Amino acid sequence: MRRAGTAPRAVARLRRLVLLPAWTVVALLFLVPLLVIGSYSLLTRGAYWGLSLPWTLENYTRLFDPLYAVILLRSVVMAAVATALCLVLAFPAALFISRAGRRKNFYLHLVIIPFWTSFLVRTYAWMFLLRDTGLFNTLLQALGLIGEPLPLLYNDGAVLLGLVYGYLPFMVLPIYATLERLDCELLEAAADLGARPWAAVTRVIIPLSAPGIRAGAVLVFIPALGAYLTPELLGGGRSIMIGNLIQNQFTTARDWPFGSALSLVLTAAAMALLFVFLRRRGEELL
Amino acid sequence: MRRLLGLYAAGFYAFLHLPLVILAVFSFNASRFTVWEGLSLRWYQAAFQDAQLAEATLNSLIIAAVATLFSTLIGTLCAYGLWKRAAPVLAGSLYLTLVTPEIVTGVALLAWFQLVFRQVGFQLGLHTVILAHVSFSVAYVVVVVLARLRTMDATLEEAAMDLGATEWGAFGRVTLPALAPGIAAAALLAFTLSFDDYVITSLVAGVDSETLPMVIYALARRGANPAINAVSTMIVVGLGTLVLAAERLRAR
Amino acid sequence: MNRRGFLLGAAALAGCARDRRRRLNVFNWSSYVAPETIPRFEAEYGVRVRYSIYESNEELLARIISGNSGWDVVFPTNYYIRPLREFGLLAPLRHRWLPHLAQLEPRFQAPEWDRQLQWCVPYMWGATGIAYRRTLSPPPAAWADLWSERLRGRLTMLDDPAEVLGACLKKLGCSLNSTDPGELRRAQREAVAQKRLLRAYLNAEVRDQLVAGDVLAAQLWATTAQQAIDASSELAFAYPAEGFPLYADNAVILRESRRPELAHRFIDYLLRPEVAADVVKATKTATANAGARALLPESLRANATLFPPPEVLARGEWFQPLPASAQRLRDRLWTEIKAA
């Protein structure tokens, strides 16, 4: 028997109250600013900077220019490759951790700790290592393996390395979470039926960890797509990804309307991707 | 197979930690360049004597502490609400905050703040940075706390209420204690996201609110500077110890 | 949640008493004052100066454009003065509060961006040229030399559309501030052709790579090049034969400033010959202050990198603000160069 005060209407009121702060934050500090940006995207660039009338759709039609399609394509490819590399590197590691018995948490901490440090610091560490006078080249030259320093920095490879390194934990954690709940008996059953370890992995483990792989892929791909610090610092400004293009519009180019349009398109694309990949029962993050 | 996996893991962790170890080692290098010239604490000295660095660190800590407080509070309540009953629009908006690229969020907030401030006469400062940080960390808190809530039995609260507790009482005496480790983990996540943020902070910071990532970025832009190594090592050691301690508490 | 609340909290946290002195907020480029410059001003006037730095005009602009940023004195580059003025962001200067104005060099007493110095006071000026290793023989002497095959992979240009397009335009014999679409497109093609040889687009961070020998030649500002030369005697700087960009950073007072008189005093303080000379000695930048220059040691006063002789200076061209259509074309061309 329920006491008074826990009647269904009071309960409903309580639930609304509990959600109110979150609603306020999301509405005032996210949705409204996004609307402001939306309105900016429909205006025109001012004489030197800023905004001016008239209202126009030009910023969106401009996106059909092949130049921007090329940039977007490059970014998608870069992000996709980074995601794939993350997957290949993270999966065995997640497998190892899930099998580590009592030491599981310790190994998980070891993955998390670099993640709990400054993103800038990590990127800077790679610049430090990859420069011509950096550690790798100095070592290789000291060992006599190369005569001239290798150009390890300021190219797509360096950017890829930076992206993979930065987002690896985002891939390890979801895959680990799925693998941990895996039933060991399934693997034993597979072995009993004569499957070799490698077959057990490919036929049993990987399919069953698909939800984790999907989540990890999304958590890596989306930020990688919008990245601009990594390509700027590690790429030497040679190539331009969509994140750099957006940042450029709000700084050097001082074209806020176009930058706003680009931003919204990128966000919409990311949102669409999220719905496509995570729209299955029981897999929602929220 | 096991050994192969073990070997791979060793390589994996080496890859993950190598840059940080190197950074730390060279923070003790007497020379400015990659040639080892002996042990020295001069870069730590330089880092400590830099007043701008000290102030930026203080700003970062204050911002992170306050932002974490608010986002954890709001996020936990929100997760609790979503656990009891789905709210698709709110959930969708939270998804949106997760997937929006940082530069977009930063620029949108800057535009909104400037629009408001022109009417109201405020300025950018610590408060705008804190608001910005709360805005993007709430979703992360909700994800973590909700995940934990979903492993818990919803009927326990009902049982408590059947025994005479109010809604709030049931929440406080039954759910909250079990939820505590999840909340702690979420708070840790929110703190680190805030402490580490560069993109959004650099856009909405004001006159007095320079943060540590902004200083590091400015130093990095001007070329190699071993003082960065010293600062970075201290950050890694500091936050790393915090994490290990928190995880120890959580595991208990 | 207001800012004062936080400052109080922070002060309490730090355990120090609240500062009751008057405040002045100065936002300047990095490495533009000597270590003693600000403390001496604070001591003399009994005020506290909040001194912060920025690395680009756009960063400055993003902060002050709201008209409500909190800064009092900022240092925009000359081609921003007219736009800032048209936007009503600047406060007019009162010369009676600037007695040391006469210390400026004659050519900065009536510069083309502000003939009567109503809005700004030139502070430091500079030029862009070529920093290179002396091992290069013959040494690069013109922009065209930066398209040479011998520099493959060891060459950098500045990460700035105005500078890169400017160098290309000069190479083609056009004006730095050209708005002609044909000329700009040709300049863009030059930049793309050069990209095969380019290591990266870098700004001040290339200094260490020049010193270390990774980079043989770089498009670089004269002041940054001088800092590199100080670190390594194997480096040198050349003012390109086809012409080069000139820029000057000016002290301005923002209209929103609530302390205009103190702001004037600060600018006048910077105009004092001994103060300006100290800054130059510490930062190796080219001052617009003639009185300061007279106080410099011979090595700095006659430094050809910082203070080139008049015949070299004559080849320089000031950056100018551009109309919106030209700006848009340049932005697009820059995107094309980066995407190539």
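Letters A, B and C name the chains as they come in the text, with residue numbers starting at 1 for each one.
Following the convention adopted for this analysis, a residue touches a chain if its C-beta (ideal position, glycine included) is under 8 Å from a C-beta of that chain, and two chains touch if they have at least 3 such contacts.
Small disclaimer: the values here were computed from a predicted structure and weren't measured.
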Practice task
Would you identify the shape of the chain contact graph, picking one of line, ring, star, complete or other?
Solution key: complete
Completion exercise
The pair out of A-C and A-B sharing more C-beta contacts is A-B
Exercise for the section: Please work out the Cα centroid separation of chain A and chain C, and write it as a whole number of Å. Expected result: 36
Handout entry: Centre distance in Å when chain A and chain B are each reduced to the mean of their C-alpha atoms
Key = 16
Problem - Residues within chain B bordering two or more other chains - result: 33, 131, 220, 224
Problem - Multi-partner residues of chain A (at least 2 other chains) - result: 131, 133, 250
Fill in the blank from the handout: Multi-chain contacts in chain C, i.e. residues touching at least two other chains, fall at 62, 65, 209, 212
Completion exercise
Residue set of chain A touching chain B in the complex reads 1-3, 5-6, 10-11, 14-15, 18-19, 21-23, 25-27, 29-34, 36-37, 40, 89, 92-93, 95-97, 99, 105, 107, 109-114, 116-122, 124-129, 131, 133-135, 138, 165, 168, 197-198, 222-223, 225-226, 228-229, 233, 243, 246-247, 250, 256, 259-260, 263-264, 266-267, 270-271, 273-274, 284-286
Practice task
Would you pull the chain B residues touching chain C in the complex into a rising list?
Solution key: 33, 58-59, 62, 110, 114, 117-118, 121-127, 130-131, 203, 206-208, 210, 218, 220-224
Fill in the blank from the handout: Touching chain C in the complex, chain A uses residues 45-50, 67, 70-71, 74, 131-133, 149, 151, 153-154, 235-240, 244-245, 248, 250-255
Fill in the blank from the handout: The chain B residues in contact with chain A across the complex are 1-2, 5-6, 8-9, 12-13, 15-20, 22-23, 26, 33-35, 73-75, 77-78, 80-82, 84-85, 87, 90-91, 93-105, 107-109, 111-112, 115, 131-132, 134-135, 138-139, 142-143, 146-147, 161-162, 164, 166-168, 188, 192, 195-196, 198-199, 212-213, 216-217, 220, 224, 228-229, 232, 235-236, 239-240, 243-244, 247, 251
Problem - Touching residues (chain side chain C, partner chain A) in the complex - result: 56, 58-59, 61-62, 65, 83, 86-87, 153, 159-161, 195, 198-202, 209, 212-214, 321, 323-324, 327-328, 331-332, 334-336, 338-339
